[in-house]
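Common to both upcoming complexes is chain A, partnered first by chain B, then by chain C.
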Partner chain A sequence: MPEQTTVDAIVVGAGPAGSAAATVLARHGYSVILLERGSFPGSKNMYGGVVYPRILDQLHPEWWLEAPIQRWVTRRSTMVLTDTQAVTVDFRSTDWGAPPYNGATAYRPDWDHWLAGKAEADGALLVCSTTATGLLRDGSGRVVGVTTDRPDGDLHARVVIACDGVNSFLAKEAGLYGEVDAANYTLGVKETIALPKDVIDERFAVRGRDGVDIEILGGTSGVNGGGFIYTNLDTLSVGVVLKLPKLGAQKLRPEQIIANLKAHPAIAPLVEGGEIKEYSAHVIPEAGLSMMPTMTADGMLVAGDAAAMCLAAGIWLEGVNFAMASGMYAGEAAAEALEAGDTSAGGLAGYERRLNDTFVLRDHRKLHRAPALVLSDRVQHRYPAMIANTVERMFRVDNPSPKPGLRRILNEERKRAGVRIRDLAKDTLDGLRTFG
Partner chain B sequence: MRIAVCWKWVSLDRDHDVDERWAGVSAADEAALEIALLLRDAFDDCDVEVICLGPKDADDVLRSALAVGATSARRIDASAELDGHTVSAALADHLHGADLVVCGDYSIDRGTGSVPVFLAAELGAAQALGLIDVDLASAATMPLRVVRRLDGGRRELLDVSLPAVLSVEGSVARLRRAPLAASLASRSIAIAAVPGPHGRPAEAEVHPYRPRARTLPAPTGGPLTRVREILDIGGDDGHAETVTLDPPAAAGRILDQLREWGY
Partner chain C sequence: MSGAPTGERWPELSFEDLIATTRFDIHERAHITVDDAICADCSTRECVVACPANLFVPTSDGGILFNYEQCFECGTCYLLCNKEGAITWTYPEGGHGVVFKRT
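Right, the complex of A and B next:
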């Protein structure tokens, strides 16, 4: 009979949430095993490509001196596309290209590897190529460890933190999730396209390490969702996020939808001549607050995408920062509970308190209507044409006809797009309440 | 009985410091260890030693070998890039007396596969290379029955007597997974290192591309026609060239041309 391996805490998943949790616990002097199924942290992970690491000021001050970033995002654009038109709101700030910075593009195999390395440096034991396959419980049902896919692979701990990403099998096994509804998920697909750095600099009007983040409404071949283009040093991340039930109903392949986006007259000149280096896909927990699980069980916490913490609210697609923050708070609450010798759900309640007191649940609460609003049929299929046609007519010179007033154009284009005043007023109000 | 497994540790990121994400051993090297561990069960009182030439960064893979059950692991402290002769000579110094040496057929940087060949010569052992199967049952009766891939989909069955050097393809076996406790325990094991060769290999001489052999139809005409066909003389494809030279110059010219063609 092999000797039982017991530690203070097991963190499952060395993504941003898991590494943050493990770092905090290790710094408190607890023995932590950070389990990762990939051959190294980040090897199995994908995302669009922009991190907003402000929260790291607390965990790793001056993180920007060593974080493996590609470019600093100094330019953010939001594009609305129809088949033939594009309306872009473009913002740039040189401030974002200097400390303490705002957002950055980074590759996940670099970012996650770096963050897990920090946890290791603080004393966490990273165990890769090892998948947690289930929960170990004692007679009372309390979680006391995990089983893994290794021979003699049971691991015991006083607390388990599930940071195993979207669709968390551990959180489901612990009974923390209710019914799973496919409508709460989107599918993100992405191509990484190589182009020489000077070509990217030229096409996106940036220099040095400055980079661009473009979020796109429309351009998803009629499937509700959105698109994005991010600049890395010598690659572009080009992708779409697609509502699952709509994707299923349209019977379109996601790679075809990216191909259509790349062929759009406003996008093609940005990507042409590039070589596709990688194609990847991943599910996103899109519905935010309304799909979140119970956060604690006896002996267990759940953080990051495993707890549906990703904020997918139209112009914001932020998951990594929410994962790092929730992981950090889970680590703090677990350390507090270990200290007090009570890792029951009650003893771990400090986790939810921290989430409630900080941006993690505050932003989610504030923006809880956003996912449904942004992915609604009107916003997806009617407003892009209404906006683009309005702008087109504003800028069109129809001499000898005199220029029409904006109100008239808007009204006509609203009717042409099939939007009722009542619905427009309701959506405007919803928008103000959500984002205002 | 002593079985040795030779691993080639490679760091693919040559421009930077070693990054463990892009460093390690090949699937073929892992298969070599698995074959050795399986054969160990077939022989009485048998040790499996894993030996690797490389820098200290290679210690991690040796620890993983111990975690899956190798009896011992040793690193010959050496620089990463050495030619096959130097590597095999250094390995042989430590492998005299080994009954069986199992190597991978290729490394992750797709080397030449020549080390097992040189090693067999150094050890005066039999060699069976590029194996796609090792009949474990034959270990009980010996000689060892192995299968080798030949061109054109053919197979060669070999009966190998010891001492021998085998090299195996990655498909031969999948390395078993280390038990969790053994994997954790192996992290604190210090790997024994012995001094080995350092330096860079001499720049390899680059020869022109040597064309593949051509298949010609059976000869129809007399010997002269045949020679013309083989040498491509007399056709109108522009390859032919007529030169008039005295004999020593003609011989030199022919040698130059043959060299250029890669002979």
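Right, the complex of A and C next:
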């Protein structure tokens, strides 16, 4: 029998949450094993395409000098589509193309690999190609390590930080989740489409490293969700996010819904002629605060997607930043608990305190109504036509008829879209309470 | 230059060609198993339409043919499946399964 060794911390999953947690713990001088089931960090990870790394100012100052980004997002568009129309709100800022930057497009295998390398450089031991298959517990039920799929693969630790992604079997095994409901999840599917850089620059009206983020409402073939196009250096990320039960209850497959989006008259000129380099998919914990697990158990913390940290609030779509921040705070709380010699749930309470005091849970609390509102049937199926038809009539010149007033147009288009005044008023109020 | 002329349609890939753009390092152990006796009684079959890898194929005898090889490991199938025990879902062996590309 090999002698059992106990490390200070095992972090499961070398995504943005796990690497941030491992970095913090290693810097405090604790022994950390960072477990990754993929052959390299990021190999299992996919997202739409934009990361907001402001939180890294604390962990890796001037991260932009070395982070593997594709383009800096300097142009952000929100599109509302019907079959034949598109209404776009477009914002650009030159400030976002210069330090300290705002958002960037990046490939997750690049980004996560880089961030895990930083944890390694700080002293964490990265172990790839190793799947954590379960929890080790002592007689009192306290988590004392993980089992893995390696021979003699049990690993003992004073604290386990589960950053094992949206499916987090470790958090579920620990009993930190209630009943899992498919309605809390969306499926993201994406095509990475190669086009020459100068073609992308021209089609999207950007130069150099500047890039574009386009969020789309109404382009998902009637399935509640949203679409996106992000510019990478010489590829586009084009995809859709689909509410699981709605996807399962109709006949179109995910790749057909992407194909429909790509064929839309407002989208086709942006994406056509490219070569598909990769097709990818991932599930997203969409429902925010309402689906979050208990964050702490005796000997264990949960961070990142494993703790349902994605913020899917329509005009804000973030996840990697919440993962990095929650991982960082989990690392700080674990270091504090190790220092005090108490890694019980009580000793680890500094984690929830940090989440509560920072944007991580403050944003989620503030926007807790947003995911349901954005994916609601009226926002998804009625408002796009109401908005697009209203704008079309605003700009249509109907001579010799005189111009109708805006209020009259909106009222008529509201009725034509089948929206009742009281529902519009309710959703407007909901929107103001949510986003205001 | 501006790429393909407006209006030109490039050939849509078949699903096989589409998923052939994704890299999979396949392990001989099936990490997901499906009990097709249970599936035979299922009338909704959300997995068939929703699985982004198109791994669930209805058979002529009313069962479900399942392939684990080209799996994104996303979890859509088990999250949507409402039949207790129909889908047994684990991650593949470490170092195997889907490998998204680095630049």
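Everything that follows uses one rule, which is that the second predicted complex is superposed on the first by the 435 of 436 C-alpha atoms of A that agree within 3 Å, B and C clash if a C-alpha of one lies under 4 Å from a C-alpha of the other, contacts with A are read in each partner's own complex, and residues count from 1 in each chain.
In the analysis below, a contact is a pair of C-beta atoms (placed from the backbone, for glycine too) under 8 Å apart; a residue touches a chain by one contact, two chains touch by 3 or more.
Because the structure is a prediction, the values reported are computed rather than measured.
S.K.: Who does A:Thr5 touch here: chain B (first), chain C (second), both, or neither?
M.R.: first
S.K.: Using the superposition on chain A described above, determine whether A:Pro245 touches chain B (first), chain C (second), both, or neither.
M.R.: It touches chain C, and chain B stays clear.
S.K.: Which partner chains sit in contact with A:Leu125 here, chain B, chain C, both or neither? Use first/second/both/neither.
M.R.: Only chain B is touched by A:Leu125; chain C is not.
S.K.: Which touches a greater number of chain A residues, chain B or chain C?
M.R.: Touching more of chain A: C.
S.K.: Applying the touch criterion given at the start, work out whether A:Ser43 contacts chain B, chain C, both or neither, answering first, second, both or neither.
M.R.: both
S.K.: Applying the document's definition of touch, where does A:Asp152 land relative to chain B and chain C: first, second, both, or neither?
M.R.: first
S.K.: In the superposed arrangement, what residues of chain A touch both chain B and chain C?
M.R.: Common to the two interfaces on chain A: residues 39-40, 43, 109, 113, 130, 148-150.
S.K.: For the complex, give me every residue of chain A touching chain B.
M.R.: Where chain A meets chain B, its residues are 2-3, 5, 39-40, 43, 109, 113, 125, 127, 130, 148-155.
S.K.: Which residues of chain B touch chain A in the complex?
M.R.: Residues of chain B touching chain A: 20-21, 176-184, 187.
S.K.: Which residues of chain A touch chain C in their complex?
M.R.: 37-40, 42-46, 68, 107-110, 113, 128-131, 133, 148-150, 166-167, 169, 180, 182, 185, 187, 189, 191, 195-196, 198-199, 202-203, 244-245, 247-255, 259, 268-269, 272-274, 276-283
S.K.: Provide the residue numbers of chain C that touch chain A in the complex, in ascending order.
M.R.: For chain C paired with chain A, touching residues are 1-4, 6, 8-10, 12-13, 15, 18-19, 21-22, 25, 44, 46-47, 49-50, 52-54, 72-76, 79-80, 90-95, 97-103.
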